[in-house]
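Both complexes shown next keep chain A, but they swap its partner, so chain B is in the first and chain C is in the second.
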Partner chain A sequence: MSTATRTPPAPATDPAGEGPTIAVRHLLAQIGRYVFLCAVLGFFALPLLWLTTAPFDDTPTVTASLPQFTLDNFRALLDNPYALSSLRNSVYLAAGTAALVVTFAALAAYALSRVRVPGRDALLYGLLLLSSIVTGTATMVPLFELAFRLNLIDSRLGVILILSGGLLPAAIFILKDFMDSTPTSYEESARVFGASPLQIMRHIVVPLVRPGLATVGVWAVANVWGNFLVPFLLLRSPDKAPAAVIMYTLYTEGGQADLRLLSTFSLLYSLPVALMFVFVSSRYGFRFHGGIKR
Partner chain B sequence: MSAITMRELTKVYPNGVRALDALDLEIADGEFFALLGPSGCGKTTLLRTIAGLEVASGGNVHIGGRNVTNLPPGKRDVAMVFQDYALFPHMTVQDNIAYPLRIKKMDRRSRGEKAAETADELGLTALLQRRPGQLSGGQQQRVALARAMACHPQVFLLDEPLSNLDARLRLEARTFLKRLQRELGVTTVFVTHDQAEALALADRIAVMEGGRIRQVGTPTEVFRRPANTFVAGFIGSTPMNLVDAEVHDGELAVAGTRLPVPDEARDRVSAGEKLVYGVRPEYLDYSPEPAPGALSGQVVVVENLGSFSLVSLDMPSGDAPATPGTSLQVVVPEGREPEPGDTGWVVPRPGRSLLYRDGELVSTAAPPAVPAARTGADAER
Partner chain C sequence: MVEGARPVTGASPAPDAAGLGRARATGFLVPSMVLILLFLVVPAVWTIYLGLTNYRLTGLAAANPQIVGLDNYTRALGDERFRTSLVLTLQFVLGSAVIGQAGLGFAIAFALRDRSGPLRRVVEAFVLLSWILPSSVVAFLWIALLDRDAGTLNALLGIPGTAWLLDHPMLSIIIFNTWRGTAFSMMLYAAALENVPRSHLETARLAGASTWQQLRDVVFPRIRGHVLTNLLLISLWTFNDFAPFLITAGGPEQRSEILPVYVYKVALSGGELGFGAAISFIMLLINLVIALVYLRMLGRRKEKA
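Now for the complex of A and B:
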């Protein structure tokens, strides 16, 4: 092992013949690297390409190709009774969950950051671990049972509550870091001037951790938007189903996936979230850690 | 009338640390008062307890004759300037200064006017629409002071007001702060670990150690007559020389020389007693030739400090119980510095030597608690 710390002997200065070989090898390595990167890029870009071309194609297939341009697919989608209302349902569920998660996570993170509770970190890590189970497949049966007993089957509120419960621990975890990095002297200063805890929260803490709140809000929306299982199991009537569930129903009578409708709906389905990302990112900037720009 | 009185004030943290230990202190109305001590001595805890940010474990605090011990910070009518100024980074200077008025439910317009008025007094008018991040350290400090002034508190509390400024700005800010306090006449308590800052700014200083107050006095008292060896070592840009001494035939045997016993201690020492002799480097005169009543030694280090030099001498061990290598420091004016290796003589100036027994000053007078002038003024009101 002692040889590991020793500097390896310097390579003998090569005679005139070896120089070009090294240059060629270097070039080949460079080419290899770019070929690899192109392959990876293509792997991720092709589905996106399909998403932007297929909706405008007369006869879309599973391959991406230059479309026979048409807007008929959109017209066909509008004829589907549930397509547009499902997007509205998705907005309800996402907005409701994001509002609940941001509000309660902010309050909880603030309290956890400022009050010394024995075993606080253990509690946080425990919740974080369990949260992946709560909204996961494993607990769907007891959750369904619970929602049934509480009369929350086929209710949007039920879906919002269960999704919020699943997202809260991670949201608290992220926001606590933001709260931790806010100097307590800001709050103490406000306290000496006579501000109440809620005033301090409203005037000082929330504006300071706004990037964190924005991050958690967007993250919650994106999570709800893509969640299929919970609304699929808890919502019975199709007019309450969100887009992720309705997409599952876009099949022809023969059980074949209707690629025209499916691709068009996929585009509409992904646009709101993408737009929200762009908007929030330009407005607040995303950060997953605390710290204050002064 | 906004004197601060603390009785038996105690603060014990949950981890058992006794930050304040049954502390008694009176701060007179309008006084500029310094809490001075090394880090961990409890000075910041004391300030925060006056502010109400820490809850006292025992004893009480009165501000302006009102018992505020159990009041929350917002109800104590104090304003605090934090070490990092704690300016809200998302608000403009104007909103920052107006914040205390916003809490007091003053309407938007009048608090804006009031903030502009206060900013004008501190020369901040041009900066009103800026954010704290766009200000220099000195400007930030003035905004923090303006915010504290805007609500006209009875008491200002400043936590290390100068420590976040660079050296040159610190001198400027010191003068500014002292003038501002004079003009406003508001009782002001500040915390510092820098003895020069405390001496320069304060009307009176409390020197703290381990949650207790070791001496309270004017800067002159604390500098000239430290009540104990802790204060003697802490105050002054060069610490006081403290040398072992023994009483012999009514004289002091110090490092091989006989010196007269200081007047105030003459009747209070007994023959053969072992004491500590203290004299500041500033109160010693250096001489290259033997002089009567002088301590002699060998020059080991000469440190140039601008207009004067600090000379360290090694004293021989004589018949006095001085340990070998006892050293003295003496301030020598420029142009008269010796070379290392020279033999030199130092003569203590009359009336400037002190004697310590078990770390406490041997003196006739009891240490003054509150200066007579201040208490007299209070009594008249």
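Now for the complex of A and C:
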């Protein structure tokens, strides 16, 4: 819908390319560009409109409209038995996975960065390849089956472990890059004074690579917070389900959807990632700086 | 198979500064490797085995699955529903990733290339927002937007009663996924366009080159690598995207049943785990091909550099 307003073709009246033609063409290009950007803005903002109006409307419908302002809708969250508990479950899954991924990946990345394990590069490469092709979608059958055999069906720990397994290769890869670029002289002197490797890790390496750990942590939280498939497959009882799954059941199950609940719940559930995004982009700028320049 | 494509991880600093030693280093690796082995390697290998059985979720074949060889595969290839699903997946990847996300992402990045200020920030913020919000929330936002009777889109267009999700399910999820994933392409192309010297574009423009000519002769040769990277990654992700399930659940009448949804329905709703695993394995193979092409290309570019 937004591609219909590309830069209009320049008038081909004067193929010799005299000065004025170029100026006109330039002007038209500028206008076209502006129109295009407005259309893009409309396209991306339109679906989000409802999320900002409905939660505060005293009679919410599925149409986005100027609300009759009220905060009463948020009471619906308290009335639903699963709304708030599902958000707690999401926090639990995200925090658990992030903690596991950051800790395990830091240990592994440190070992890989400092000790020459034979076949190290091949190992990292293979793991990265594996984690990019073995997605939850392509392996949902064996994952379900595996969880069943390991007695991890309807277990939040199972979800945490499975998600961690998928995130670890990329996390190790990112952290190893950070570790490789830190100087080793502090570690050497600490060792001279008799610090054990775990002490060196905790008191010297961790503070040095803190930005890397934070990056991996935020990335893991963002991944788990929105993940629908894995908890949808593995968790059976609704009181264990995270917000992603409860959100889905709210609009698919049981007749007329309660729009007060749906709208306020959507907003509350989206808020943490939106805030995280604002924080990251204001602090570091949310763009690629050559990490993917290949 | 993938010689010369190893990631260059850089020479490590002075080896083993903390006196870790082989044994302890291995200890540091164990927790990660156990999780990866258990939840990445085992499922991948197990898919192959399960795909050769008639394993079911319930019933006789659940207790005592039989090896049926390649039956699942021959059945899949002969199955109308599977072939339709494959074609729909192809449409989905081509339409929403290759044309939609990459095309729109590039167009936005190009239109914003020498702009700064509020317009750029607002456009980027909205594009990124649609990328980072949880998928079950954005799925409902689109259901609300496209609602037949009270949807915002029909209200805006003045055509109430148009049932987008029933009449045009594929088009709906293609546009949805374009909206959902354009951010990645936009950011990647924005970074790529920084490699194109502004003076070259200026010269071309003064020489009277049209926008299309500028793109073809000045911009594209410099960002060819980025374009390939982008296309492969978003194809891989789109191919494995489960979000359309949240909007159309494959319906109506399987008209938007892309492979991930198909596998879910056959294997986990329908209980045919063996057959589902065979389809999963076909998906894994397709993933592997895309990923290998990508890594191979990375390796070749590294060698040249």
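The working rule: the second predicted complex is superposed on the first by the 236 of 294 C-alpha atoms of A that agree within 3 Å, B and C clash if a C-alpha of one lies under 4 Å from a C-alpha of the other, contacts with A are read in each partner's own complex, and residues count from 1 in each chain.
The criterion applied here is as follows: contacts are C-beta pairs under 8 Å (C-beta built on N, C-alpha and C of every residue); 3 or more make two chains touch, one makes a residue touch a chain.
Predicted, not measured: the structure shown is a model, and the values here were computed from it.
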{"item": "Residues of chain A touched, compared between chain B and chain C (which is higher)", "value": "C"}
{"item": "Chain B versus chain C as contact partner of A:Arg33, first or second or both or neither", "value": "second"}
{"item": "First, second, both or neither for A:Pro183, with chain B first and chain C second", "value": "both"}
{"item": "Chain B versus chain C as contact partner of A:Gly194, first or second or both or neither", "value": "first"}
{"item": "First (chain B), second (chain C), both or neither touched by A:Leu208", "value": "first"}
{"item": "Touching partner for A:Leu128 - first (chain B), second (chain C), both, neither", "value": "second"}
{"item": "Touching both chain C and chain B, counted on chain A across the two superposed complexes", "value": "183, 185, 188, 190-191, 292-294"}
{"item": "Complex contacts: residues of chain C adjacent to chain A", "value": "2, 5-7, 9-10, 12-22, 24-26, 28-29, 31-33, 35-36, 38-44, 46-47, 50, 103-104, 107-108, 111-112, 119, 122-130, 132-145, 147, 150-153, 155-156, 175, 179, 182, 187-188, 190-192, 195, 205-208, 210-211, 225-226, 229, 236, 240-243, 246, 260, 263-264, 267-268, 273, 276-277, 280, 283-284, 287-288, 291-292, 295, 298, 301-302"}
{"item": "Chain A residues within the chain B interface of the complex", "value": "183, 185-186, 188-195, 199, 203-204, 207-208, 292-294"}
{"item": "Touching residues (chain side chain B, partner chain A) in the complex", "value": "51-53, 72-75, 78-80, 82-84, 86, 88-90, 99-100, 102-104, 132-133, 151"}
{"item": "Sites on chain A touched by chain C in the complex", "value": "1-3, 6-7, 9-10, 17, 22, 26, 29, 33, 36-37, 40-41, 43-51, 61-64, 100, 103-105, 107-108, 110-117, 120-122, 124-125, 127-146, 161-162, 164-166, 168-169, 172-173, 176-177, 180, 182-185, 187-188, 190-191, 197, 200-201, 205, 222, 225-226, 228-229, 233, 243-245, 247-248, 251, 262, 266, 269-270, 273-274, 277, 281, 286-290, 292-294"}
